[in-house]
Amino acid sequence: MKYGARNAISAKVKSVKKGDVMSLVKFDVTSPATMASVLTTESVEEMGLNPGDKVLLVVKAIHVLPVKE
Amino acid sequence: MKYGARNAISAKVKSVKKGDVMSLVKFDVTSPATMASVLTTESVEEMGLNPGDKVLLVVKAIHVLPVKE
Amino acid sequence: MKYGARNAISAKVKSVKKGDVMSLVKFDVTSPATMASVLTTESVEEMGLNPGDKVLLVVKAIHVLPVKE
Amino acid sequence: MKYGARNAISAKVKSVKKGDVMSLVKFDVTSPATMASVLTTESVEEMGLNPGDKVLLVVKAIHVLPVKE
Amino acid sequence: MKYGARNAISAKVKSVKKGDVMSLVKFDVTSPATMASVLTTESVEEMGLNPGDKVLLVVKAIHVLPVKE
Amino acid sequence: MKYGARNAISAKVKSVKKGDVMSLVKFDVTSPATMASVLTTESVEEMGLNPGDKVLLVVKAIHVLPVKE
């Protein structure tokens, strides 16, 4: 399987909270991960992003797609 | 700082590839992370997601927002 | 009307399931569609995407915007 | 393979346009599809969405994830 | 026209920067706007969001869909 | 704080509607804003977007990330 996405993180389901239409699922990440972000070059320059910089990677839960093989 | 997002992962910039309008930045995740996903309850049920299940969490790089403090 | 999006698919509402805050709506696609994806060039190369290849196009329901004229 | 997404559309690659960081890929949809959208209940009510209504489903190309098996 | 989205902001194009595959367009907002966000109830509670609170609304440019009538 | 996003809009919480898993929050924008969109160059050309053009910027509420400092 090959995914058209830069981030594919191995994880294990920790909890499932079912709502009427949407559900919230939590996971433990099981292997050290690298991640990737695409943003405007303008943002990269304004932030002054350089190798070694510490950042926080913020991702809304709605953008995380679980795949079960 | 409080973010309206379930995922906030500490990371360090590894590389920056600048394009004309968009750039691709890669990161090393510096601490073991838990992650969260919101999906339809219908998807949770069709996938049969239960605690302990192994999954792959797929996230397009465009949805990853770096924040530098 | 012109939309800044590559995908605009004609469809007919099949069902509506209303929740407290979010709702899930299903549609029958009424005309054969072509679709487009934007992804990193790195992903295209790792996947080895070439004309003729069979793929599955996965789209979270949250990213589908219905417009009623 | 089970995906945490309501839309999984069979398609065939038609063209690939590679850019420096991002690429645009076009597809022919190979089977008639049904699609699903999640939106706020407030939007559903303001739009007055009912079974049988004709709509346009607008999806930015960046939200389409190709998967190659 | 009715859109399945809570945010529809009137604006005027200020500049267009065309890249090989993606372009960056800037706008002046022409009318005072209200905006809406959907997030997990868990996030709302952890943030302690209450009427009157000052916040910053962060939106990646990729999630903004221009429509020209 | 520097965000890897082109849009950061100052706003004040107007109302909070909590659901079982997801909540809908509304805001008054407190300062006139400029906004930015990234879309395919192909879309820019088909729309014929030029400085001065009037547009509607449509953003699903799910893509709006509130940050509280």
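General observations
Each chain carries a letter (A, B, C, D, E and F) given by its place in the written order, and its residues are counted from 1.
FYI, a contact is a pair of C-beta atoms (placed from the backbone, for glycine too) under 8 Å apart; a residue touches a chain by one contact, two chains touch by 3 or more.
Because the structure is predicted, anything quoted here is derived from the model rather than measured.
Interface of chain D with chain E: the two copies contact each other largely through different residue positions, with under half of all numbers used appearing on both sides. More C-beta pairs in contact connect the chains of B-D than those of the other pair, out of B-C and B-D.
Between chain D and chain F the centroid-to-centroid distance comes to 21 Å (mean Cα coordinates, whole Å).
Among the residues of chain F, those touching two or more other chains are numbered 2-6, 18-24, 36-40, 42-44, 47-49, 58, 60-63, 65-69.
Taken chain by chain, the contacts link every pair, so each chain touches all the others. By the touch rule above, chain C contacts chain E in their complex via residues 1-5, 21-22, 38, 65-69. By the touch criterion given at the top, residues 3-16, 18-30, 32-41, 43-44, 47-69 of chain A touch chain B in their complex.
Within the complex, the chain D residues that touch chain F are 24, 39-40, 42, 60-61.
Those residues of chain A that touch chain F in the complex are listed here as 17-20, 22-24, 37, 39-40, 42-44, 46-49, 58, 60, 62.
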